[in-house]
Amino acid sequence: MNHVPFKGIIAYPITPFDSLGQVDIPLFQRLVERLVANGSHAIAPLGSTGVLPYLQDEEKEAVTTAAIQQVGGRVPTLVGVSCLTTERTIYHARYAEKAGATAVMIIPMSYWKLTDDEIFRHYEAVASRISIPIMAYNNPATGGVDMSPALLKRLLQIPNVTMIKESTGDVQRMQYLRRELGEEVAFYNGSNPLALAAFAAGASGWCTAAPNLIPQLNLALYKAIERNDLQAANTLFYDQVDLLKFIVATGLPRAIKAGLEILGEEGGQLRNPLQPLSSTETATLRQILQHMN
Amino acid sequence: MNHVPFKGIIAYPITPFDSLGQVDIPLFQRLVERLVANGSHAIAPLGSTGVLPYLQDEEKEAVTTAAIQQVGGRVPTLVGVSCLTTERTIYHARYAEKAGATAVMIIPMSYWKLTDDEIFRHYEAVASRISIPIMAYNNPATGGVDMSPALLKRLLQIPNVTMIKESTGDVQRMQYLRRELGEEVAFYNGSNPLALAAFAAGASGWCTAAPNLIPQLNLALYKAIERNDLQAANTLFYDQVDLLKFIVATGLPRAIKAGLEILGEEGGQLRNPLQPLSSTETATLRQILQHMN
Amino acid sequence: MNHVPFKGIIAYPITPFDSLGQVDIPLFQRLVERLVANGSHAIAPLGSTGVLPYLQDEEKEAVTTAAIQQVGGRVPTLVGVSCLTTERTIYHARYAEKAGATAVMIIPMSYWKLTDDEIFRHYEAVASRISIPIMAYNNPATGGVDMSPALLKRLLQIPNVTMIKESTGDVQRMQYLRRELGEEVAFYNGSNPLALAAFAAGASGWCTAAPNLIPQLNLALYKAIERNDLQAANTLFYDQVDLLKFIVATGLPRAIKAGLEILGEEGGQLRNPLQPLSSTETATLRQILQHMN
Amino acid sequence: MNHVPFKGIIAYPITPFDSLGQVDIPLFQRLVERLVANGSHAIAPLGSTGVLPYLQDEEKEAVTTAAIQQVGGRVPTLVGVSCLTTERTIYHARYAEKAGATAVMIIPMSYWKLTDDEIFRHYEAVASRISIPIMAYNNPATGGVDMSPALLKRLLQIPNVTMIKESTGDVQRMQYLRRELGEEVAFYNGSNPLALAAFAAGASGWCTAAPNLIPQLNLALYKAIERNDLQAANTLFYDQVDLLKFIVATGLPRAIKAGLEILGEEGGQLRNPLQPLSSTETATLRQILQHMN
């Protein structure tokens, strides 16, 4: 098992729906193909961008299988398997492993606020049933629970919890992780507007839906970091920050769908209650994209 | 249709599980029976206390049917039917109506933050498919979205959205609702530690899991309010506030299960990742209950 | 020494300035006289309403003397003496005692966040140098530090710290104080929109600038509480809540000055950087007052 | 007038007191001399570190004069002149200009929350009375008001408001300033734990008390940034981050005094209510410093 199979740009596809409200698998596979073809270093289906929690069990399975088949081993895959209950999380983690996922990503979804012990036991229970690595994902804005740096450190005691994705939008969290856990533990940035600050702080990769729209700018930023050129990275970051802020502010599934259509691609339908961007928002997005491409 | 079928103490049963992790319907029915027998003015299955989001579709249906059968029309029933997607919410709202529910309760569950328009359309879509009243439920701590007083006011334009349950824990929200909407709109308090303040502000009822443990104190507080005796209400409130704070602080499903067992009743199992109270917490709860019963 | 000399409506005068920017003592005394004449149970100069922190030392002394002389012992006086440094707080507390103040009010003003020990020593140092009672005042929105209920409880160990004024706007704080400290410790509500909830929770008094504008409604609310008539208190509260919210939202010194002028009274000038209400805000205030008087 | 006279490491001395509670001017001058001798690019007396709000008018004047005399033009000086009232702020800004300050720093201190218009008029009134540049300082944690990026942009319309110091601890604020205002507007980082992220985002300088304790590490970080060596900057940042976090967490005046004493320097006394670090905190600081020097 490669404990830390990801670095660079980890691209998140949306999950598109057809006019009847069903997942549009062929379109999904074309969107995955675009991300691979554009040079993404990994593909991560069923993230927040992929509206994981809005899907039924069988839909999650179909998306998992379709993504892994389409990628075909060209780059590693990171499959979201988070559920409110431990039992369902185990089910989907095992499904992903069997389907050939490189690793799974798990956010401790919360309705009732979970204690640290409950979160630890949840990860431990899932981890004991699979043998691929787990990326622990902290995103209080969507998941409703904020894992402290101390808890994240504790989760890393579980053998196959080997990676952390931080999406609080607070760069000091990442600094703490690096300082406490040392350079050997990989942390990933899940907050688009922190892309530059996170790489400066030592992030191994950037988990982002932006490559659906501006893959060249995303990759160029990473390459500037790789060659230790901060000035170029700074310029490249400010070249793309307006889009990064926009897609976060309006919600990734809505914004990526709209952006794809502006670029002449199909974006499919959203699932209710999520609605398309307003015409004003779409016009703003069009302007932002025109300045970039 | 009675637009506002509830007042007084609206009691929330837990959903107990058996040792195999399945919903324990016979025990659930005994717990519902206790609540009715103890004088609760209404029964509300599948609330946060009833761990609605942790259940599979067929489990929700079984609980709905079991609750309504057990209550047998002695008091009105309020069934929780909230789901992340509009389609699933409609499905369960229709199921509840057919099963004989007096009304349904809907919280706009959020993974992606919903816009006000998305929330309005969600309620509108559900409301158009059923003919029983809807209680709109605001609880950012569990649902992840905070509906503004202005949005709640807007929701009341939908004909069968006739009641509001406020659980932010901010009594000023309730004051705003009363002031803006007038005395004819019923609002309900869902924050246990605000029981006295909410009744003083004019709440029509108190949505609470506390009657599982201290029904007499809950009912006595309401009766003091009904007979305009603030001093008695104040005394009765401080007699029960420690329990009200405890069950909120430790999480209603965990605390009610533990409290039932302290009282010599069966509480069943919790569903993972939720874990029982620690022994220290259980000891604290025992002390609190001993001072009350 | 009367340890708890206040109950009911504790009225806060503004500190008016003349066209040269100096404190207008004659106008100040007329405003104090109105408050006494209208039936306020106590007068509290140099509160937040009285812009204490914006005054120079000699101005604070002049206002203290003028207030106590004008009241002339008809009702008790509560003089604000808070300063950033302990030495200046002691100085003004001693000045107030010599001038005849019934008690002093102290908020732990904070630029650097103070530790609990620093706050305790601050109160202890002041308390040891005067022999009149101290009201400890918690208002994070203006003072910048939020004293926990546990710290407030600790402060009450100091012999002449005998009263607590709570202005966080969270009625649960007051409930905690009542529950932890017992009925013998007096707590006062400093959050206008919580007037009803605080009295329901057992507050001894209401610290408020509202009697500058609507003294009869303020007093009537208190009297309804005194005669245990919750329904009347509820009605009276909703009759005045719009004004209570308005004066808090726009800032008490600005709002009271504007309100006085709407009522045909002089309100004096504000001290820069504070500016008068906008014309829109003033029009709103006029409407609110017209519905009340 | 040089509109933007600062870059690099802007060092903040503490204001030490003697055993009688008076400002110790000779010690203050020795501490300023250390900062200049150690290579700081500018000296900033009477910042938050210099406990400006805890000083009387004449003390502020003495510190201003002493700092400027000691620096003797070797590096530029930035003098804090913030007061609650506009009149006192003008007074001290004019004093600083006459005494030879290169620029003044102004934070809109707030007891009553100021409106954007009030803040703008405050800066405008001060700016019109002096001819040296003003650095607008945003630090809600100490000043109590949070100036939005839009307000900061508006302040830059005032001719001699030419610099912004951002201390919210949110790197996205700095990114916004850079993006909205362009590269020609200088912004400075006032949040120590963001030193690396802020430089990566394009900050012109770092306003910090850390050079009192670890000047070589602070300067080395800046030099790595200057020569576009992100990897070295990253390493140097993690070498000093523990100290940066510690001095912020425990309060700069307390921590710098303790650190000076650990290094064998005099740190003077604090002014009440500020108290020295506890012995545990001091031991932690000793450990941190031992790993660095």
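Chains here go by letter, A, B, C and D, matching the order in which they are written, and residues are numbered from 1 within each.
The rule is simple: a contact is a pair of C-beta atoms (placed from the backbone, for glycine too) under 8 Å apart; a residue touches a chain by one contact, two chains touch by 3 or more.
All of these numbers come straight from a predicted model, not from anything done at the bench.
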If every chain is reduced to the average of its C-alpha atoms, which one ends up farthest from subunit D? B
Would you mind pulling out the distance in Å between where the CA atoms of subunit A average out and where those of subunit D do? 38
State, to the nearest whole Å, the distance from the C-alpha centre of subunit A to the C-alpha centre of subunit B. 35
Can you work out the whole-Å distance between the CA centroids of subunit B and subunit D? 52
For subunit B, jot down the residues that touch at least 2 other chains. none
Assign the assembly's chain-to-chain touch graph to one of these shapes: line, ring, star, complete, other. ring
Which residues of subunit B touch subunit C in the complex? 169, 171-172, 175, 178-179, 193-194, 196-197, 200-202, 225, 228-231, 233-234, 238, 241-242
Applying the document's contact rule, which stretches of subunit D touch subunit C when the two form their complex? 21, 48, 51, 53-54, 84-87, 108, 111-115, 117-119, 121-122, 125, 141-142, 144, 251-254, 271-275
